[in-house]
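Starting off with a structure, shown below.
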Amino acid sequence: MINNLFIQLRQEWMLIAILFILLFIKLGKERSNENIINFVNLALLINLGAGFCCHSAGELFNGMFTTNTLIVFEKDLLNLAVLLISMQSYAWLKNSQHVIEFYLLILSSLLGMFFMISSGNLLMFYLGLEMSTIPLAAAANFDLTKRKSSEAAMKLILSSAFSSGILLLGISFLYGTTGNLSYSILTAHINGNPLQIFAFILLISGFAFKISAVPFHLWTADVYEGAPVAVTSFLSVISKAAVLFTLVNLLYKVFTPLAASWYWILILLAGVTILIGNLFAIRQDNFKRFLAFSSIAQVGFILIGISGSSQAGSASLIYFVLIYIFSNLAAFGVVSVVSALSGKEYISDFKGFYKTNPMLSWVLTIALFSLAGVPPTAGFFGKLFLMMAGAAKGNYSIIIFAALNMVISFYYYLRVVKAIFMDSNENPIQKLEVPTVSKIAMYICVAGVIITGLASVVYDYIYSISIGL
Amino acid sequence: MNLTILIVVPLITAVLILLAKGLQQIRIIGLTGAIAQLGLAGWLLKSFLAERAAGNNTTHLFESNQTWFKALNIQYHIGIDGIALAMILLTSIIVVAGILVSWTMEQLSKEYFFLLVLLSMGAYGFFISLDLFTLFFFLEVAVIPKFLLIGIWGSGDKTKSAMKLALMLMAGSALVMVGLFGVYYNTHTFDIVQITQQGIPVGVQKFFFPFAFLGFGVFAALFPFHTWVPDGHASAPTAASMFLAGISMKLGGYGCLRIATLMPDAAHAYSWIIIVLATIAIIYGAFATMMQTDLKYINAYSSISHCGFVILGIGMLNKTALNGAVIQMVSHGLMTALFFAAIGMIYSRTHTRMVAQLGGLLKAMPFISTVFVIAGLCSLGLPGLSGFVAEMTVFMGSWQNPDGAYRLATVLSGASIVVTAVYILRATGRTIMGPISNEHAQLSDASWNEKLAAVLLIVGILVIGLAPFLINHLITPSTDAIMLQMGKAIAVK
Amino acid sequence: MQDIPLSQILFVSTALFFIGMYGLFTRRNLITMLMSIELMLNSVNINFVAFNKYLFPNNLDGLFFTLFIITIAAAEAAVAIAIIINLYRSHKSIDVEDATEMKY
Amino acid sequence: MNISSILFYAIATLILGAGILAVTSVKIFRAAIWLLASLVGIAALYFWMQVEFIAAIQIVVYVGGIVVLIIFSIFLTQHSGKEMESPARSKKIFSALAALLGTAFVHNLIVHYQGFAFNSANPFNPNVAEIGTQMLSTTSHGFILPFEVVSILLLAAMVGCIVIAMRPTNQTITHNESNL
Amino acid sequence: MSNYLYILWIPLLPLATFVLLGLFGRKYLSGIAGILGTASLFTSTLLSFVAANQYFFVDGKVNGVFQKIVAFKYTWLEFAPNVSIDLGIIVDPISVMMLVVVTSVSLMVHVFSMGYMKGEERFATYYAFLSLFTFSMLGLVLSANIFQVYMFWELVGVSSFLLISYYFNKPSAVAASKKAFIVTRFADLGFLIGILILGYYGGTLDIGLLIERFTSVHSTQFLSITTASFLGASMLTWGLTLVFIGGAGKSAMFPLHIWLPDAMEGPTPVSALIHAATMVVAGVYLVARMFPVFSMDEAALNIVTYVGAASALFAAVIACTQTDIKRVLAYSTMSQIGYMMFALGISKNGGENGLGFMASMFHLFTHAFFKSLLFLGAGSVIHMVHSNEMKDMGGLRKLMPITHIAFLIACLAIAGIPPFAGFFSKEEILTAAFHENKMIYGIALFTAALTSFYMFRLYFNIFWSKEATTTAHTQDGHNVHHSHGEGPWVMKLPLLILAACAVGVGFVPFSQLITSDGAALETHIDMVFSIAPVALSVLAILLAANLYKKQNEKPNKVAAAFGSFYTAAHKRFYIDEIYLFITKKIIFPFIGQPIAWADKNIVDGFMILLAKTTAKISESIKGLQSGKVQNYALYFFGGVAALSILFIYLWK
């Protein structure tokens, strides 16, 4: 038991340890930001190793906390993503006077996600969700002097509170109709009667809000734009990923009796999400906003993949998230470096970027191609496998629809590439001195983008550990 | 031998180019790689023929089949038949020529050559794939380099053309993707060989054939999805135009061919639509060409017309016509590349492509003019040059079909050879012949690299034109096999 | 008290929930919006307790859920108010209509 | 119609009436007071349902904590007595309709759900002691893990508040800690 | 069966010359290009004479019938089993006869050009093209496979294009070459489709097999092609007619003749070779080659007949009114070819009724010599006067006696005055016509008269008319006659040789050698019969002499008398204008431009419209993202409501 307590909870323990060490540092004498950042990065790296170190599966606190290879892997992904973000936002963190607090918030939010992913119980799920949201809302406000930042934080906290209200109503009705909170027992009591479907829909809406699927997505763009880049990338990649993992877990494990309805719910959401995301992304000039909408569109594709409700479905989801971490973080990495060092955040500022910063340009370009799904980048495989998983149901109308939307998405990704390489600009962004740490992070991302796709072992491994309906 | 080397060599070349310093190194590396590839292709041809001579009559030679994504049953399955080999030869020739003509590319030369090589890699991979997934993969690999090549180094309204090209091609590949999914979920494999063996239910074919075929049709400039061709070719830098017309439009034709063989019933059911579209493309392209005033536009539109013959040949679904389609692909590849090379040479000297502003170039630059005339004659189907062989084979093939409507289509397409003569002679008469303007009179003739490129292509054209039996021997067994297999598939139903 | 059917209690909670939602939609003052949200959460609490008492008395899941909701609501409120105050510092107003710089 | 039901209806009216006033009254301070009333009413409902512990928590946290917090923040951001600008009428009407329809919809679902018709026979009277033990037990229906998690959550929230509302909002934090 | 493989060298030598001169001519061989070309061609000429001798007088004849020998055959491109393009060499009377004609005339032209083209910048290129043409023409006449015919057909067309546009910086020359190529190309389309039809039903492209299958009335192929019909005519008719259209294009038959006069823009020796002796008779040769098949189909033959006759008359009329001497010759060529055509048309296959065929070939043979002689003569005239216009000439008989004599002989020959060559062939044709079809006979007779008239009009205008010394000035004013004499011997020699031929070849026992079925044919010149034509010709000559011997006003009076008819004839009956109208006023504005426009605006416009619409939509829905968090909550609620209603009530 004790042994399990340490083995199965190792990642959580690590995080908690980091949190407390940071607290003591805070209470102790001033430390230079660099040291703190490096320490945290190191710790996260160790934690990453800890994830891989030993295989563990099972459940604790009778089912409140469950874990298995898949979940550990998912946690590792999130961990990796946080590591990358903290490396990329080096330039920004170095000059902020709240590094420790920032890490406290981010890491506790990560901890919340860990608990959410391995939750075996609606209560734990709810706690994890809130724990991953509330600190982020605070973190979104970290550019204390910026008006946009506080506006973003306000929007985030209010809408998330609202959504959690809806979610709770759903949970309460689930509880009322099944008399239970733990997944393992829940499934048996689910018999698609209207109230349960309603409760389920409320629940799904809560999820849809977190993964920002249309029409629950409206907070996304504003928050992304206002929040500090680090927080934005955290929101766009990590919290989304965590919620998606949980969603798949719930749909495939718990709500199997409602599969017929949630398939169509997912399809509907997917269709609208892709379309609206694309249509809005076309017009954006602010880079973070642009990435926000593009990520919304991506979520649509992910939903298609999930709707396949097969082992391939969840595998392709996790695979895509992995790729998405690399590609999206590569893009955000460049953006964060640029905005930290030159304060420019608009696509139009990137005109003629290649002349001054070829390395960053290539990183950004490859990232965008991967997001667009162009071979040989991994994004191609990710998107293709999602669509394949979706097509397995034989519902080709949505596939065709998505395929045509891919063309629109190509347009706006290529638009950025065009700005970088082809458009002329009298005062382009000057040559930037990228911190080594961030550079390393970007290289990791690029390497990931290239390798993850071509090396099929990655996918095959994910497939082997992932679950089907 | 393992065909993967055909991808590896360009890959290495590309990497080396990235590492190279200075234009001189870069272009030498590029050229070396291209020539090595050409040598490889030649050697491949030799061993291929040797195998055939040794009585190895399997459809695809040099097959190798590794599992790529085990979970999804995706193979990395490569192998070539005569058709693919012809395409590979074509590609390797054009790559060498393309690198030669862009010898003096100063601006961002590293990126330029890198992208050229990358594009060629996509083409090679495409032609050797025997698995629809890898086919699709390489098809898309070849798209983005085009976008960058046109957008960065192009001329005129380059970004718009680049964007249009990229988007239309991507739309095409999106359609292809849908078709491939349909195939995959009804056969549970992407492997072309397996699929041909087990066949696809007719209903499925009928539903998914249009997607796949039209998807590839976009690449092959099938009417009405051809509008990327004129702008794209016109804006692209010389080598890119050569690659575009010479290689990437062939990806489309080749893909259409494969799709038609994979789904024979659907192909038969829809053949009349294909033929109507092809005929429209031929006539329409020819007349549109007649009205152009920009040399590159002339060639681009004529490409639409010529690629119509490819589609026509495929749509006729008989052996001779298929032969014709394949020969036309090769011939058109060489011929258009040559044409674009000549235009590029003229443009780089006179800085105009407007027919009205040129004239009498034969006086100032006899070599380039001769090249131009040869390309023109090839395009209007002069015996002894490849165009004649290709078009005549297509005609003979399509005439085999006794149906009156098909006959009409053949006659109409035949009429295009007159229109072709008109526009080719107009272009030649006004640029090469006639009085020369004073500022053009002093211009220099082709440099050694340009001469080499032109000669290379001309040799290719002549070989096909003078000794068509060679390429015929090369591809006929494959087309025979295709017809046999299709016949079987039909018979089964 | 058994003669009050569960549905009536649920009606109270539901009504309260939508009252809160109405407040959220109509109030322009951020603090009052927050208050409305608190109402919604409370209605959910009522649900949990009622279910637990009426239907599943054997264990205390609903009751504990309520406890945690209350706690989290408190935390949420705290953070929200902190943010609102910060917003007030920068915008000199806590009217939601004034905080619409980012749109489209 | 016995005393308890009368009591219930009284409480219900209090909750709903106070709630409505809380979201409609034009003076923000009054709105806060009405909220307080409504929350007290809910506490009363808990008492009526004989879950005194929850009722107590409700009083302590909401009445003692959140409302006070809110009122403080009102003091910080508003001059009391000043009327709030009211929203557009169309919006009001639409929201009202939405709320009404929503209520009707959900209530309709509830009344048509058989599961709620009959109540379980067993009695329900948890005492504080067993709540405490369950809270800290790791056995079935033990809530030690959520308890720990939520404490970390509160810590994080606290940190967030400190950073965001640095000097002027220390009392925020004290209230936070009083919740534990 | 002896070996004729050496005939392969006859076309190959010129080809080699072409490659050599084409690659290295400009730089290295400019000086000796003429010698080189002439030498190689001389060899081929010798070979062809050897071949002719061997075939006609040694072993061509097997028990009284000349055999069709396929001396060489190589499968060049196989379309389908036994449907293939074979490069081959057929040896039979007409091919051997053509060999002789082509090589010898070409040789003459080569020699003549050495003088005429002296000092040209692209001298070597000229000879390269000349060799290319000779090669293609020889390949054409030797073809044993109808598709091979088509290939060399195209090659001939291209080399003619290259030669016409030899003066490439002269816009008129370029235009003429384009016209020639495009018009013939148009005809070739017919030829191609004809080939497709015949090949499809005949199941082969080999001429021998085709003839065999289509002439045996009971063969399946014959039945299938005659039973299959389109628009009321049998497929056989269609095929043959289309093939004939191809021939008509090359042979400048009405109404596809318009390119021929303009083609005179090329160097005069070229006109002599291509547009008088060889290429233009390719059409006749083609029909002759396929004659057994033609003879199976009355309708096709009639078309041949009437087109031929019409062209003959039409061209003759125009020829009377032209003032550019080369144009006059061009029209006379057209008219003569018309003769040959209708001669074929009225003929039957084999036996006595094969007279027309034999006559046609005979006329082809003789015409080659005297017409090339005429052109070369005109060439040397132009070489001296530097002008094509009659008004710049006159009284040249003193200045260039040899040319004068040669030219006179040629004129007599073409006028059909005994004993010159033209007389014999023309007599045969007239005889045949007389027996077959009186109306044609009438036309032929009238045309003959016209021929003598315009030829002597030409002759007198050049060599007599006004006195040389007074009118020797060309536009540039200085006295050109004495600038150089009649030209070097290389220019005189061919004239003399050809003059000799123009006298001599009439006596070749043609009917013994070349007939429709290979068997000898007994013919005799019927003096009585020949009175009429000869008398007519003489009268015409006298008339011409009267009008043009001395400079006077009569011609204008005559012209005035004919009035509008004269103008029309002078304007070549406005055929060119009609063509121009069709192309410039109909095809370009009503087909080309609309399509180009549609491509820009409709097809491409649609794609652009898609993009624009997408952008517009995205612009119009941006209000969704209003920035007001309350509205976000509203949309959230809306989403929930929509989903609930959809999935609880509608989605049962």
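Should a chain be cited, it is by its letter among A, B, C, D and E, assigned in written order, with residues numbered from 1 in that chain.
Heads up, the rule we're going with is that contacts are C-beta pairs under 8 Å (C-beta built on N, C-alpha and C of every residue); 3 or more make two chains touch, one makes a residue touch a chain.
Predicted model, so just to flag it, every value in this text is computed and none were measured.
Of all chains in the assembly, those touching chain C and also chain D are A, E. Top contact pair of chains, counted by C-beta pairs, is C-D.
Closest to the protein's overall CA centre, chain by chain, comes B.
Using the mean of the Cα atoms as each chain's centre, the chain most removed from chain C is E. Each chain gets a centre from the mean of its Cα atoms; the one farthest from the centre of chain D is E.
One simple way to say how far apart two chains are is to compare their mean CA positions; for chain B and chain D this gives 71 Å.
Distance between chain C and chain E, defined via averaged C-alpha coordinates, is recorded as 98 Å. The distance from the centre of chain A to the centre of chain C, each centre being the mean of the chain's C-alpha atoms, comes to 27 Å. Centre to centre, using the average C-alpha position, chain A and chain E are separated by 78 Å. Counting partners per residue, chain D has 94-95, 98, 102, 106, 109-110, 115-116, 143, 146, 150, 153, 157, 160-161, 164 as the residues that reach two or more other chains. Along chain A, residues 123, 127, 130, 134, 137-138, 141, 144, 153-155, 158, 162, 176, 194, 198, 221-222, 283, 411 each make contact with two or more other chains. Among all residues of chain E, those that touch two or more other chains are 611, 622, 625, 627, 629, 633-634, 637, 644, 648.
Under the contact rule defined at the top, the touching pairs of chains are A-B, A-C, A-D, A-E, B-E, C-D, C-E, D-E. By the touch criterion stated above, chain A contacts chain C in their complex at residues 122-123, 126-127, 130, 134, 137-138, 141, 144-148, 150-155, 157-158, 161-162, 164-165, 168-169, 171-173, 175-176, 179-181, 221-222, 225-226, 283, 289.
Against chain D, the residues of chain A that register as touching in their complex are 16, 19, 60-62, 64-65, 98, 101, 104-105, 108-109, 111-112, 115, 123-124, 127-128, 130-131, 134-135, 137-139, 141-142, 144, 153, 176-177, 193-195, 198.
The touching residues of chain B, when paired with chain E in their complex, are 164, 167-168, 223-224, 226-227, 230, 284, 287-288, 290-292, 319-320, 323, 360, 362-363, 366, 377, 380-384, 388-389, 392-393, 395-397, 399-400, 410-411, 414-415, 417-418, 421-422, 425-426, 429, 432-436, 468-469, 472, 476.
Interface residues of chain E, counted against chain B in their complex, comprise 26, 75-80, 83, 85, 147, 150-152, 154-155, 158, 161, 165, 168-169, 171, 174-175, 177-178, 181-182, 185-186, 189, 192-193, 196, 199-200, 588, 591-593, 595-596, 599, 603-604, 606-607, 611.
Contacts from chain A toward chain B in the complex involve residues 312, 315, 369, 374-376, 380, 384-385, 387-388, 391-392, 394, 396, 399-400, 403-404, 406-407, 410-411, 414-415, 417-418, 421-423, 456, 459-460, 463-464.
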